[in-house]
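Listed after this line are the structures, all set down as structure tokens.
Two complexes come next, and they have one chain in common, chain A, joined by chain B in the first and chain C in the second.
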Partner chain A sequence: MKQIIKILSILIAIAAFWIGLLESSVVPRSNTWLLPIYLIVSLGCYGLLMVGVGLMKFPTCPQEAGLLQKDVAEAKEFLKQRGIDVASD
Partner chain B sequence: MELADRAVGFLLSIISLSIFTYYTLWVVILPFVDSDHFIHKYFLPQDYAILIPVFAGVVLLCLLSVFIGFVMLKSKKKKA
Partner chain C sequence: MEKEKNKYSIIVPTYNERLNIALLVYLIFKHLKDVDFEIIVVDDGSPDGTQEVVKQLQKLYGEDRILLRARPRKLGLGTAYIHGLKHASGNFVVIMDADLSHHPKYLPSFIRKQIETGANIVTGTRYVRGGGVHGWNLMRKLTSRGANVLAQTLLWPGVSDLTGSFRLYQRSVLEDVINSCVSKGYVFQMEMIVRASRKGCHIAEVPITFVDRVYGSSKLGGSEIVEYLKGLAYLLVTT
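Let's look at the complex of A and B:
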């Protein structure tokens, strides 16, 4: 609930700023009209950047994977001794 | 595999940063530069600044819809 209030207030602030720019016409009108598109494009770029950074810093732990494989093999051996069929590799 | 993922992530970051820089230059900074400055040669007219993102968004939406439809068709076939 709090998050949505934050997002909404940010949106309202941006809209107010944009309408103010439109009304006051400090910069030419055709450029002010580009601002929402610019915001959407920058949001897309931010998303792409976050995906890229997440891919680059994706945490892997090869040692843990090796330990897990060893545990799996051990468990299979143990179960086979007790006569339970787990021979699905 | 890990290296390929990392390379793809690096490429995505570079692409997004370059698009952001270029678009910021194009939309925010260029209107304040004189119109006979040489830098205007490297940018398309302002109309394209609104046309290209809208076109790209429409294409993206179409691809997404096609993908979702494809997945739904596939899942239905599997269920039957």
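Let's look at the complex of A and C:
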């Protein structure tokens, strides 16, 4: 099943549930009307939260830059001895 | 050991990487001491003399270890992989960038992981413990995280790093997946892994660190965000 169909089915299921709630009016209608808005807002919050957390916990590796520099120096040394052109212009 | 029977073809696309390719080849040989491998350089007619350097490297390391499979002009990354794959003789294929953002020191952990898990694909991920990125500004981090959250929410791909392109594939799996991919740029990487995941491939992850390129200049660019969103929409309706 295509991904878009999966997502649409979930949305339709949610919509059906919502309409069911509206029709049966177990909870006051005025509240039910607002549910989709809550849903959208909470989805948005979830997205922002995930991005925010991801940013805060963004894994960095400053030590790797130094290690790479060492590897580069070592490689250049070796290649230069073997007559390979490694001048960085 | 099982390791001895396997052969690894390392496909490296290059465009103006004359310095990087030499450093990369040295580092690959340094870190893969007792592994059977070949390096396939797919150069797209780089004007900076990348191919001359590769020829020098062939003299040093042997033409059977370093294969230069050049193309006349810049034809793009996706087709560069396909081109390289045609000349691969290993039963496993590694795809990595030439710009040293993908460090060869991780190759043994890819190989080990594959042998341990029997995975069809081992993908390098920057977003787990032990992984990381160096040299990105806030904007780049923000777009990366945003793109990732969006893709995870919409595509459920089952891998944590969709746009990283440091990966090891079983050759047959790569051959199977690559021909169904049509995207360009790094959306291509995303498409490959999503399609593979949909086909039910077993995908394992190893942490890698990613240091932004030091030498040479970036070849991707332009409206990357728009391209990314288009790619996402494309994958939503086709996978």
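Please note the rule applied: the second predicted complex is superposed on the first by the 66 of 89 C-alpha atoms of A that agree within 3 Å, B and C clash if a C-alpha of one lies under 4 Å from a C-alpha of the other, contacts with A are read in each partner's own complex, and residues count from 1 in each chain.
By our rule, contacts are C-beta pairs under 8 Å (C-beta built on N, C-alpha and C of every residue); 3 or more make two chains touch, one makes a residue touch a chain.
Since we're looking at a predicted model, the values are computed, not measured.
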Review point. After lining up the shared chain so the two structures overlap, which partner does A:L34 touch, if you call chain B first and chain C second: first, second, both or neither?
Key: first
Review point. Now for A:S42: first (chain B), second (chain C), both, or neither, which partner does it touch?
Key: first
Exercise for review: Identify the partner contact of A:V86: answer first if only chain B is touched, second if only chain C is, both if each is, neither if none is.
Suggested key: second
Exercise for review: Applying the touch criterion given at the start, work out whether A:L55 contacts chain B, chain C, both or neither, answering first, second, both or neither.
Suggested key: both
**Study point:** Partner chain in contact with A:K2 - chain B first, chain C second, else both or neither
**Key:** second
Check your understanding: If you stack the two complexes on chain A, which partner ends up touching A:D71: first (chain B), second (chain C), both, or neither?
Key -> second
Check your understanding: Both chain B and chain C touch chain A; at which residues?
Key -> 51, 54-55, 58, 60
Check your understanding: What residues on chain B touch chain A, complex-wise?
Key -> 2, 5-6, 8-17, 19-20, 23-24, 27-28, 31, 46, 49-50, 53-54, 57
Study note, to complete from the structure: The chain A residues in contact with chain C across the complex are 2-4, 7, 47, 50-51, 54-55, 58-62, 64-65, 68-69, 71-72, 75-76, 78-79, 82-86, 88
Check your understanding: Where on chain A is chain B touching in the complex?
Key -> 27-28, 30-31, 33-34, 37-38, 40-42, 44-46, 48-49, 51-58, 60
Practice item. Would you tell me which residues of chain C are touching chain A in their complex? Key: 18-19, 22-23, 26-27, 52-53, 56-57, 60, 100, 103, 105, 126-129, 131-135, 141-142, 145-146, 148-150, 153-156, 209-211, 214-215, 235-239
